[in-house]
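I've put the structures underneath this note.
Shared chain: chain A. Partners: chain B in the first complex, chain C in the second.
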Partner chain A sequence: MPQTDVVPPSDVVIGISGIEGTGALETGIEAARTGIATYLDSARTRLVVAESEPVAGAHEHAGSAASARVPVTAVAYDVDSRDLLRLPYHGVPGRAHALRALLSAARDSGASACAVIDASLPHGVTPEHVRWLIQPILDNQMDFVTPHYARHRAEGAITKSILSPMFRTVFGCPIRQPAARDFGCSPGALRHLLAQRVWDEVGRDESVDIWITTEAAIAGLRICEAQFGPARHAADAVNLSTALASVAGSLFAEVERRAAHWQRLRSPVPVCQVGPYAVAEGPEPDIDVQWLIESFQLGFADLKEVWSEILPPMAVLELQTLAHAPVDRFRLDDRSWARIVYDFAVGYHLQTIRRDHLLGSLTPLYLGWLSSFVLHTQHASAAAVEERLEAVAKGFETEKPYLISRWRWPERFRS
Partner chain B sequence: MGYSGSAWDPQWYKDAVVYELHVKAFFDSNKDGVGDFRGLIEKLDYLQDLGVTCLWLLPFFPSPLRDDGYDVSDYQNIHPSYGTLDDFAQFVKLAHARRMQVVTELVINHTSDQHAWFQRARTAPAGSPFRDFYVWSDNDRKYPDARIIFLDSERSNWSWDTVAQAYYWHRFFHHQPDLNFDNPAVVEELLRTMDFWLDIGVDGFRLDAIPYLVEREGTSCENLPETFEVLRVIRRHLDTRYENRMLLAEANQPPAGVRAYFGDGDACHMAFHFPLMTRLFIGIHLEERRPITDIMNETPELPDNCQWALFLRNHDELTLEMVTDAERDYMYLAYSRDPRARLNLGIRRRLAPLMGNDRRRIELLTSILFSFPGTPIVYYGDEIGMGDDVRLGDRDGVRTPMQWNGDRNAGFSTASPESLYSPVISDPIYGYQAVNVESQRHDHSSLFHWMKNMIGLRKLFTVFGRGTLEFLSPANTRVLAYLRRRQDDVVLCVANLSRFAQPVELDLGGLAGHTPVEMLGYTPFPKIDEGPYRLTLGPYGFYWFELQRAAD
Partner chain C sequence: MWNQIIGIMDRAARQSAERIAHFLPGVLVLIVLLAAAVLCSIIVRAALLRVLRGLNFDRHATHSGFSVLTEWTPAISPSLLLARAAQWTVLVLGLLMGLSALDATIPTALALSVFNYLPNVLGAVVIAVLGDLCARLFARTVLIHAVNMHIRSARLLGTAVRWLVLILTGAMVLDHLGIGGRILILAFGLLFGGIMLAAALAVGLGSQDAVRRSWESRAQAPARDRDTLDHI
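Moving on, here comes the complex of A and B:
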């Protein structure tokens, strides 16, 4: 259990986590202060910073901040030595412990609302975080607020192609960023999340964000998606395969853990929207579609045998056709893509091959989907891109019975 | 309230799929021919892969092994052949890490005559507390109305002890003297024994032979009120000191008789449903559902925190104690033409041989086991269709080494074959070269994979463990049909007990508008309307349907 300092009674708690010593925490605290001053009652709001004990100077940092008009309380959390050895997607060792410490502090302070913000995110902390993560809870009686950042069509594509449509279909919860590292919580949501007994499990760091969102979705919490406007995006400094394996692995793990729930779920979870509609800003990054297609083709040549362990013969045949398709006809059908992702989820569940190999072999397929998506939307408006993404999600929904039947009665594809 | 169990839900046992095994029979890690805890640890991945959620271990305590460990000589230790207490603690920890609970035996009715308590009692003065750990008499005429259970080997429930110069009471073998539960010191000792294992992390106990704890003149010495009071004392002790633990009663009685072992939810959490097991075998052989529906209709409601434990086969003979003489004769004719298969009032055979090695019949019975109200128990080896050896004595023929592969000793041990605790099954049909885990894991159409899929499917639906049961009454009595309901979940199960295809018309008018979705393949069937719902089932075929409402 983390050692938690006493947080005085507060109406609102803004919890901030992040990698210490990088300056991000200090920047985040100042941005949060501005947000509190603008949108909340400073006298009844508390900033809480999660600090890992091994980092020297952590408490000095908190102490210096405490002199400002919105007091800051530091809560310490343990970092398991195994966390330091991992290379998590999120890059924050002990993140699950940090979140638990922040949520515990908020609960113990009796807060009516709590926001948790990751200061290490590329887009950083803005005053708007405080507003949109807290107001839906205080004003609209929401239990859980999850953000949506407007991005260019090919940005956040792992989320767009796999995480969001599968999360929406499997857990019946149509939110666009189920692995967001910022969220808002009501007291009920705090109690519910902290009552779960999975916090100490090894490996939770990499999947804690998806776990939290999943828990909110299946527990029947009132969920709100807040529009945060354009993301001030900078690419995560991680390898694509690592990021894909982390996101897909975390999602598949939740799908496996919650199988008894989602296989009987037939009514979607209502999700309300708040915040202004926004589109991505700035120039769209150049996408080298030819490189994407060649990566897919190379992957097909190298990994066809591996895919044949996971995918049914017809799917492999479709991929073979795609690998030989000219650029102007390079299209991966939405339902075929959904079945591919589902087959990988089933393969993950059955451990058909080693899970790290399975997730690694997903990368060229993802690049194939991305090629198809970029080509399909190369002249599309922002609204048309949204329609395309909706069609992708519909493909996942249409194929949900396929996932269920494969899950319940797996078929071996190779003798 | 003290130590918390490994399970999160206090009623975890309702959703469990239990796997019964004998440590000695599972895997031998030290090449001495006897399975051990280190070997069992090596096979935990296999059990996790199969999908079972609870391991019930047969006795592993120090014992002269004259009744396969049910003659305990030390309650708080491990038989040296199976390992050490540290090995056991490690096993419990690793099982819990795989989200499996561990249930052990609490053999409380009797001890071995080699137990220190009995050795002390026979030399203690008559009437002294130590002497009174057991039940003594100057003559062998007390409690004449108590039946003899092991008819094939015992002639009386009393045996003469030359040291004590008195008769001692035993309901089972003569080397298993019954403890005296009128002596509070006995109860205290047993509670201490419980604490010993619970503190290590054990999640529950199977209470062996508990109808016989207390004796009273003029009674059958079974199911006495004083026995139920002992159980309540045990339960109070458990609930006071521990969370999320479970007591499972072995009480081979008619369902109405077993009801008392649950008390008002303040005695045992679970009890075996012995009569259902017998009726399932009768029903499938007669190709007639009524033996099954009749016994379920005689089954009383249980308190909310209680549950039936269901099984097809276990480590004992298929007991025929609680059936009518006609039913017993039928069972002998149907299932034990070979007289060597008969033992006491039962049939000592495994599931696959009882089913004539007919895969469809094995699957049909298992589907009923998994879909009836209760917690299913799978006996080790039955998931691959292991056979038995009626040439072996007592019940040893159904306790042979687990068949892991086609190598020497079935992969169970690398010891020389003659040093195994039991010969492996080696006949052409059920022998280890034909029936083993390795080959079945590679064969995705094997019984192993079928069992694994069915276990996985059952675990998705708590309605099976916690829902209500409602039989349908189609005119074709070769078809068994029933509804399971829990909250919004409604499941329809239909089973053809016949070896031929059968049509059936089901009255599902009350569910008009629902769409039956076949659960294994998630295939929608025609919607239910006000008229009869028609199905055709193949030989020994069965369906499980989720009934989905139109609004869904």
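Moving on, here comes the complex of A and C:
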């Protein structure tokens, strides 16, 4: 294992992870230094970089003279050879170990607040990250800060259609990006996360972000959502079906793991929000709605038998009606969509069919939802899009009793 | 002369009586073994059925893709099917053991050859079941991936993969049973080679233009097939 520097005592630790050798880490360090110099006490703050093969002092003299006063410590993490066999959707093998190394370094330094920022994201690290991931912990006694980036209506659609509404309903925590790769946490949250014995599990790399947020929500930590400016657009590291299977699979695994907890929860508890309101900037990405609808129709024609093993007959009938609907009446009802996602979660739990098949067959359904959403919000303002997303989340909340019933008595819904 | 005839008849009667006396215990043993086999088979069937139902085997079998059992006999549950198979196996084994007890040359040779052949049959059954499972698994995997890749002939691809694996399995099963010999290998080679040649000719000659157009449109319109959205 590569040598790791010892992190000296600090009040605040800013941890940076990311893909090495791309220059992203260096850029991230420089931006974080600027943020620290602007919003925090440079003398009592430490930058920690997670690297698989760190070189001591390599980042010390990088950056401008003004910001280089913030010292940098490199911590090592190991990348399991099994992690290299399967590229996670975020494209960073060994991410779980990198996060553990950063959190351990923050805990050992006795920090009062810690922020972990992924430098490989297209929007990179900004000084605002340092501000909004740390300040709620220092000033408002929050335990866990999760970001929300302003994006165009069709960007992050997996998060908007499945992840966020289901997370909000099932775990009672209305945050909009539960799989965000940046977060801030208090010493209590650090101790709690590091005490969990799941860091070495196979496949943890792709589910670690959802797991951390779920753990924070389940443990009753005080959660805060920080609003950030527009995120820069970039395609996912893997293809759509792999990304969807990875994210939905991680969420369903958490739902399965926490079944005893969420069945007792009632309505979501509002979370504190900080940061300025922001809307997406720049041109909206091109979306070929016709192609999305065709993908759904093709899925219905060829995967109907597979869906019939997961969904109740009524749901398949609804999908049949949708598959034959003309474009101007192509609408997937919010509650129907919520039930479909819940049916897939139950199918994942019961292993009705192989899990990779189940998650793979979700892609055309998701594209059906996306085309319906895009058609529905074609000329809508940013506020109207937010309202639409709120309606989707309400659909999930309304259908939560359905999830509980299906979870407890799955055979009732077969006919 | 009369005495001679009497003597021969007496000898024949004695030999017959001896043979019957020699044969009767074997028949008795056969009857006892058959009765024991029937009893054992009933016990095995009941016990196996109880254990499998206790383990919720029917549900697990369906969920784990073992639907081949239910598809062969839709009216019978997988656990009942396995229990019946075990019952008949015990019965046949009992019958073969009983035949050996008769001490007759032909039944003994038959029993021996059946016993010698039994591992091949069991191996063939295992190959057939595994082959069917693999065929379903590969077919569904190909189908789902093809649909997600927006391939219009996804179902055809899935079916083709399934039948290729089934044909391969069939050839392996027959080879394992020693049926067909070289003819089987030759037939399989011809069939497989024929399919590939037909496909190559169909694509190379019949669909030449369609394939070229498909590749050209793919190269010219990358955004349609390649997703550039950030979905997460």
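FYI, the second predicted complex is superposed on the first by the 387 of 415 C-alpha atoms of A that agree within 3 Å, B and C clash if a C-alpha of one lies under 4 Å from a C-alpha of the other, contacts with A are read in each partner's own complex, and residues count from 1 in each chain.
Here is the rule we use: contacts are C-beta pairs under 8 Å (C-beta built on N, C-alpha and C of every residue); 3 or more make two chains touch, one makes a residue touch a chain.
Not measured: the values here are computed from a predicted model.
Student: Since both structures carry chain A, what do chain B and chain C do when superposed there: clash or fit?
Tutor: Because the two structures are overlaid on the shared chain, the partners are seen to clash.
Student: Of chain B and chain C, which one touches more of chain A's residues?
Tutor: When the residues of chain A touched by each partner are counted, C comes out ahead.
Student: For A:324, select first, second, both or neither according to whether it touches chain B, chain C, the two together, or no partner.
Tutor: neither
Student: Touching A:239, do we find chain B (first), chain C (second), both, or neither?
Tutor: second
Student: With the two complexes superposed on chain A, say which partner A:266 touches: chain B (first), chain C (second), both, or neither.
Tutor: First partner only.
Student: After lining up the shared chain so the two structures overlap, which partner does A:408 touch, if you call chain B first and chain C second: first, second, both or neither?
Tutor: first
Student: Is A:360 in contact with chain B, with chain C, with both, or with neither (first, second, both, neither)?
Tutor: A:360 sits against chain C, while chain B stays out of touch.
Student: Scan A:197 for contacts with chain B and chain C and give back first, second, both or neither.
Tutor: first
Student: Once the two complexes are overlaid on A, one stretch of chain B runs into chain C. Is it 433-441, 487-495, 505-513 or 541-549?
Tutor: 433-441
Student: Could you please specify the touching residues of chain A with respect to chain C in the complex?
Tutor: Against chain C, chain A makes touches at 89, 151, 154-159, 163, 179, 233-236, 239-241, 243-244, 247, 285-288, 291, 294-295, 298-299, 301-303, 306, 350-354, 356-357, 360-361, 363-364.
Student: Please name which positions on chain B make contact with chain A in the complex.
Tutor: Touch list, chain B to chain A: 8, 444, 453, 456-457, 459-462, 489, 519-523, 546, 548, 552.
Student: Hey, which residues of chain A end up touching chain B in the complex?
Tutor: Its residues touching chain B are 197, 259-260, 263-264, 266-267, 401, 404-405, 408-412.
Student: Using the touch definition up top, name the residues of chain C that touch chain A in the complex.
Tutor: By the definition above, chain C touches chain A via 63-65, 137, 140-141, 143-148, 150, 152, 154-155, 158, 223-224, 227-232.
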